[in-house]
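Following this line, the structures themselves.
The two complexes that follow have chain A in common; it is paired with chain B in the first and with chain C in the second.
Moving on, here comes the complex of A and B:
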């Protein structure tokens, strides 16, 4: 059936590949950023990496297709065993479209645009603005959440779906942000279990997502 | 804030602008959520002052988009509930009653109207009374009780014994009302527990917890773990916060005996001994102690009164509800109130009050320093606002009553002591007509099906009315610049198209009436251009299409083809403009007819089962009227142009066999063709056309 009907889209170089989306193809705009990939990381072919600064993806982290990593405001660092979901954006511009540069820390080293600790999950469509933004170990950034420029989110926090963290805010460890900005402390004490579950999930994802780090190097 | 807030509060969820969106943009309710104090716009003191109004300060708040609406008044508000009505009330009788009311037209802004106006979707229709019925006047009966979480039906006998909450394992999060899941916990990972010295003892105390996947609350926060993953409700009922088991009635009795034997020997009248008065009792224990104390007192009083004592007054097994103790209490009270009475059986002064916790005395703990330090500690340890550690009113209200732990004074104030909420059961209900007792709506009794066995909704019987502003490019003057969108200009005629859609299979005659000016503070002039018209029957779509095709097929096929390209193509089931229907106009003239705009006495457009007419309004100037009448500024939603309209519909229906009686032939005019019966229905409705601009 499909072979009989002439496709309006000219078939790409790989014959099997066929676009189903009517959206224009996402193009690699701007310069290709320098990257430092761990040999064990999984980065999908259609992930988007842009910007002039270095993008670091550490051991066993998974970058989903169409995830965006923008280093326009500085270095983007993804820790170990992180998961960055589809359409999530690390190093995004703020709502006014500005890419903030992180202020240097006490020793004068640059904070980079975004730093994810280990075991961080950035869920679908979440935006982590650039500008020295730090997300601590084991934190989950929920679907559609926006983390403002320069915010420092502590370890093992949960930002539930569609929540916002203001620019420059410091969130203590184990904070849960829920229900339009209410906050509480997670006292379950299951952070280690969560990390284990993350490792298991990454095991599955690595088999599901074809990795193509060579494309970005 | 901006919605037109009219409907009574029990509407479960309303359409569009009706809902007053208070705090959250998402419209969700969370018990933890606190609303910021609303600005006191409608402060009554403020309303009294005739403030000078300038157009500039009227647009400081953004306006929600306005959707035109139609609300129908249920006839139940016309009836005096105290006069008993005979069951043979017919539609005619009711409409006559409505017309008697005509001398004072229906005012949609009157305070009482709030409770009688409903969108069509909320109304039912009684087929036997031929009348509209609203949620307020129908009688409801519970079909079944069920848990909204596990969808198990609960027999009503269980409701009586176990209360109105799910007794399986269905719980809501006390923090965010999300559903809780039972999770297995592996023992080692809690570092806090490892540090605590009683780790060895806590390891055997269960390994299942309730946890919320949204806000990450877990029952470990109140120190509760479960041994089994099922029948959590029973396990939870036995556990207090912190994990201790609740005392059973037997244990409590034994404990009391122990105390009595320890403090025994001393005079029982001063039983407190060395007991600590600050001992906290849970509610159950306190009640049991008080009960036994007073029973003791009563039996003592009676025992000394009657020499030898009553052998039946053995203490524990006599409840307050037992007839013997009741009669004793009664005799006690009557005896003491009439001291001069014949027998001095009861002596005042023999009763004393409880003096110790073992007798049920609980001192009110007025020392709140512990609560204050807890607040301060929370702020210093977590870095969060201390306010967020206190339970909100809604959180406290949604707590199920638990007698096991909370002391009577100083009920829990912190979120850290809230217990999981067992799901409240829900009901499926059937509805009955209040007059003829016929069932109007009856859901399927099985919980998992959403079907209805009987459901007579008004939308299947009375025409729907939709409203659209009429803008003809050539004729309608262009709106004022910088006017907010979708607003009506004051003091200028605005035209609206009302489309009546007929749901029934008979053609319907509609008669409309409105007051010449709308009642209320800002009267608008109203003219219905075509107050009498017909709507064709709601026939089968295909039947209509085929009929239309046959009639026009041979003669005007070519014309059909050409006209179907235009927007006003009179194809199958298409629409016909009034201008084109006039006799004598043909071809090119119809185009000119369209540009003429609405005409008095003519239907605007017409289709298969719908007819639209035009209504013209000239709203008053809000600002000028408000300045002149000195009744203060324009209140919320007073700028909405609402028009009361009386609708009378007549149609001929198949007369039911059993109702054809020889004596009633006069009511059935055209009775020749197979028992047709004339029916009519009349009701008031309100058209919300739009917001009047606050200019001029």
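Moving on, here comes the complex of A and C:
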């Protein structure tokens, strides 16, 4: 090897250190959004944040690797102690590829793209479309579920895997959507316990997922 | 003028694993591959979600086994699928538990697996969701789009489908040859072989 030039190590070259993960480079397309992170939130390095509007992540929330937060349709707000799993997308385009803007509320303030309440779980590959979409406290959005633009999901709902909520739909509190669209009301009264379990899970995840909020600021 | 030979789409290991460069493996130190396993592009395996509390009755003296995802031989993980260990509350603390796949397990594209255990010779279709702590025994076929609920136990030789998944049939006698994945293994990689006629 010539000693004149320091040998350039391509970023893709790997070898000298023991690798703990193979994570292909994340393509950071589009503008870097303004962010407001709580100091206690956990955001994985390979999460994807795009869009021109503000992205807010509140206290003790966890954003898994490869989760997408897109603020192309407006502000994205993640409440306290939320978990956004890998490949989930907040502020997604609808099936036609359009990013909806939320209609302003009575005082004329913008509703933003997506608002998650506290203790919300968004599972693997779920899509929450932009356009004033609200997910209430303690609600679980199941694996691969799509919540349409402007839908308002109540508190402590369970949207099971691969279900859909139509655009603009209003789901009352404690609703369970299951089996391809059937609905019932959850009367178990375990929402307090679920919130406690969520806090425990976050305690564990915070130790497991290396957080790198500085990358997005 | 690269010193190394042109890089193929896959990394092929000594034990015959074919891992796509575009696969996302998080926490590789906790992922065990049995050999001859194919991992296609855009597959995600969450090895970082290892168990936080040690197993109750561990063999004394043995090194701490912290495997989060164990995969057997001749498994085939199709494009876009995701394997992640299941997690739950146990004795007042939240912990993840290991996810174990047997041999000759096919996982279809876009499928999410959060099972506790999957046996040998299991075919899981595309866009399937396997709920947390489900147990799938040997020679099971899960049809496309099924949603296997959490904690479901699927007995051997079953065919399951639906949302939520139910047992809709049995594997016919002589139908177990179709679960063999050796030929499929040869058709991918950096030097793919044509399928046998």
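Note that in this section the second predicted complex is superposed on the first by the 192 of 217 C-alpha atoms of A that agree within 3 Å, B and C clash if a C-alpha of one lies under 4 Å from a C-alpha of the other, contacts with A are read in each partner's own complex, and residues count from 1 in each chain.
Here is the rule we go by: a contact is a pair of C-beta atoms (placed from the backbone, for glycine too) under 8 Å apart; a residue touches a chain by one contact, two chains touch by 3 or more.
Computed from a prediction, not measured in an experiment: that's the story for all the values here.
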| item | value |
| --- | --- |
| Touch count on chain A, higher of chain B and chain C | C |
| First (chain B), second (chain C), both or neither touched by A:66 | second |
| Which of chain B and chain C A:188 touches, first, second, both or neither | first |
| First, second, both or neither for A:179, with chain B first and chain C second | both |
| Partner chain(s) touched by A:158 [first = chain B, second = chain C, both, neither] | first |
| Chain B/chain C common contact set on chain A | 160, 162, 178-180 |
| Parts of chain B lying in touch with chain A, wherever the complex brings them together | 24-26, 28, 30, 32-33, 175-176, 185-186, 189-193, 211, 214-218, 220-221, 382-385, 388, 415 |
| Residues of chain A that touch chain C when the two form their complex | 19-24, 46, 65-66, 86-87, 124-125, 142-144, 160-162, 178-180, 197, 200-201, 203-204, 207-209 |
| Touching residues on chain C, where the partner in the complex is chain A | 19, 21-29, 44, 46-50, 52, 82, 84, 87, 89, 92-96, 110, 112, 127, 129, 131, 145, 147, 163-164 |
| Chain B-facing residues of chain A, complex | 158, 160, 162, 172, 175-176, 178-180, 182-190, 192-193 |
